[in-house]
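Going in written order, the chains are labelled A, B and C, and every chain counts its residues from 1.
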Amino acid sequence: MKAATTQTIQLENVSKFYGEVLGVNRVDLDIEPGITSIVGPNGSGKTTLMNLLAGLIRPTQGRLRILGLEPSQPEDLFRLVGYCTQFDSFPRGMTGRQFISSFLSLHGYAPADVKRMTEESLERVGMTEAANRRIAGYSKGMRQRIKLGQALAHDPQVLVLDEPLNGLDPMARAEIIGLFREQAERGLHVLISSHILHEVDMISDRVILISHGYIVAEGEIQGVREEVQERPMQIMVRCSEPRRLARAILARDSVTEIQLHKDGAGIHLRTRDSSGFFDRLAELVVEEGLELESMGPADDNMQAVYRYLVADDSSGSGDIEFSDDSMADRADSGDGGDTLGEED
Amino acid sequence: MSTAQAPAPASLSSAQLPSGWPLWVRQVLTVVRIDLRKTLLGRRSLLIYAIASLPIVVMLFTVLVKRPGGEALFANLADARRAFAMIFQTLILRGIIFFGCVAFFSNLFRGEVLDRSLHYYLLSPLRRPVLVIAKFVSGLTITWVLFMGTTVISFLLIYPPFGVSRAIEDLFNGPGGGQMLAYAGLAMLACIGYGSVFMILGLWFKNPVVPAAAVFGWEALHFLLPPMLKRISVIHYLKGMIPIPMSEGPFAVVTDPPPVFLSIVGLLIFSVAVLTIAGLVIQRFEIKYADD
Amino acid sequence: MSVYGRNYKGYSGPTTSAWERFLVISRYSLQDVFRSRLFTGFFVLCFVWPLACAVLIYLHYNIEALTILDLSALDLIEIDTTFFLWGVLRPQTAISFVLIMIVGPALISPDLRNNAMPLYLSRPLNKSDYILGKLTVVLLLASAVTWVPGLFLFFLQSYLAGGSWFVDHLQIGIGVFFGSWVWIVVLSIFALAVSAWVKWKPLATMAFVGSIIVLSALGTVFKLLYDTWWGSIIVFDDLASRVFSQLFGVESSSELPVFVAWFFLAVFAGFSLFLLHRRIRAFEVIS
């Protein structure tokens, strides 16, 4: 096996088109060890990026290397890489134990080593007891864990995890997150994708925001947050008396623009101080006796994507759109496991 | 689950792992083991065994059931061997082996794509051409076990009405032994030839039925083809090795079958060529399950 | 007030009556079938032969056209029972076999593969509606290429021949109509049964063709070995041929008794229905 010639994951001008549909476009990244989260809405190109890294799809243009190795060198690459894909599917008829041991055998380990490593991996993801059951009968969380176990079994240096927390209950999430931390502390690359930033920002060293196939921001999470705070946000408020609401808002608030929605049942407005706006809107609704149907970010543009992805608890929108913000923010202050322990 | 209590992973260093041929052989064996477990040990395998054993049932029938008048079905061993030749060419070769190869080999890759599990192989330290060979060996192992097994057992079932001593005599000193080996060899070569074709069809086409039906038509109408075109059919190479050929009817374009050695080499070269193409196809294969 | 309370208004318009609800499934399945341009092309080609037959019948009665083509009616094939049996019904049933092979096995397997059965059966539809809905698709398409053009040709000939031809040859019409129905009903039910048991569409198609061919080979082997008609009971084409002969009132070269042919066709269809009913259910059993 070739030794890793570099310690980073590099993507140089990587693009992927599915026919005329853009997957990702001109991605340049240099990812260092630690936990890196790729965050973006559904369909933004996260899975495409990860599949490109693993060689499951080929780039239309550009070049990518993981620790100096290209996806065309699977014998070397996949001894270093463990990929937990988003596909919720498994080889037919296998038990959890067979699933991990079979694919470990493909690495060339001796049967005794395969057995030992399989048991270690099963224990790590808490699946020892269910290991002899067929995967087809597992719950969603168990399937997710056995996939993680398979990706971790050969002790890779790079872990690529596509939506790894999907389907896990809060306790399992905390434990899996602890597992990621453990790997990262050992100097591994842990690459996690998620469409919910709060899910991963408490553990990430870096974040890459992706939207419509473009990398829209990357860096440490605090820097990305600050960048977003500066931008105006478009909000949609639906109510029974939009004209009266618009007049009341204009009289009291510093919004930059208000438009009546074309169906006459709501308004669009822009504000630089969204958190203040939501606070004042609550007071205004009570004072004016208005009935609101819904409210939330309405932009389809990049700022809205930023806002959606990094919206913090102080925005006030958490009441409606981001119901688990409070937990995430508390978790921000400590590690996931402890915070969730307090929750319990 | 407890991350705190879980033991630290103690993987082996890469230097301790095999590479090159030792690794490839181990990988091929692993893939074969996975496929054998999936195909031959599940509940569905009962149906596969049932279909593969149809010729055995037919031969058992010939042993147990006499003609309506009560006379034995075969007057002598030569008659019995001729009857087996007909059963082999009609039922085993053109029916069970052909459709069995379509089902097993076209499913080797397409089945993994439909089960959405091919990516597990592609995310292993496994070269894609090695995966092609491993899958082909899987298909061959399964079909050889089933179809060579069924051919040999069916052939042996021509002997019970004639007794053990006649059977031993015919198998070891008469034409029986040679014919049995020839039929087993034919089944083996048919699996190689048809298997390679249907494996690549399963890689190329989302729905390999239409091309498989075209191959069936081509093979079935082979007797009408001009000599040049006969050469690009699997049955052409197999025909020369059949111990007791059947008449192809008055409309057949008769040509001399190729010599046995040439038939074997021709089929093997053909299969290696197809596998090479399959190796190239899978190098460019992308995982896009949503399309399937 | 809850969002539900403010916005949700249940549908209060007219609904499809229960007896015709299965047609909803047929409608959507037909749309799916015709989404393939390849199939649409094939379906159009299915009418080429009946069209040629129609031209042939027309030529028989058009002196002017015969003169232009320098032909006499005697040069053309005679329009009689043999023409309708071997020139119309057999080719069109063969074409309908291909059509059923393409459409039938693909109807249920995708629903089972995608675990869609609970979605269907949680609507006001029962198992029989579902099966009937799917069966209607195959029957409609197969009818369109078998008895519909067959009867059209029969009526065309009756009209052009005039006189008592229609009454004298009523058996042909009966043969075309009932012969086609026997063929398409049995094959369609069998195709759906295969589709319900083999979840992969291409493999289901292959299983459909494969089982018919393997059974035919098996039956032929028995016929040749024992020199008896009993082998024909698993050869679908032999069974159908015998029934066609009876319906057309012509002599059959087969020794297979006609009641045996009817009986085994019924067994074939009944067993397929049994398989179909066992497999269609609103839940998935994980083993």
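The rule we apply is simple: contacts are C-beta pairs under 8 Å (C-beta built on N, C-alpha and C of every residue); 3 or more make two chains touch, one makes a residue touch a chain.
Please read all numbers here as calculations on a predicted model, not as lab measurements.
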item	value
Chain whose mean Cα position lies farthest from chain A	C
Central subunit by CA centre of mass proxy	B
Chain centre separation (chain B, chain C; CA means) in Å	33
Distance from the mean Cα position of chain B to that of chain A, given in whole angstrom	46
Approximate Å spacing (C-alpha centroids) for the pair chain A, chain C	52
Sequence positions of chain C contacting 2 or more other chains	287
Residue numbers on chain C that touch chain B, as the complex places them	113, 200-203, 205-207, 209-210, 213-214, 217-218, 220-222, 224-228, 287
Partner chain C, residues of chain B touching it in the complex	43, 51, 54, 58, 61-62, 65, 67-68, 73, 83, 86-87, 90-91, 94-96, 99, 102-103, 106-107, 110-111, 114, 206-209, 212-213
Residues of chain B touching chain A in the complex	1-4, 6-7, 9-12, 14-15, 17-19, 22-23, 26-27, 30-31, 33-34, 37-38, 42, 112, 115-117, 119-128, 284, 286-289
Sites on chain A touched by chain B in the complex	1, 18, 51, 54-58, 74-79, 81, 83, 85, 87, 89-94, 98, 102-103, 105-109, 113, 116-117, 120-121, 123-127, 145, 150, 152, 154-155, 172, 175, 178-179, 182
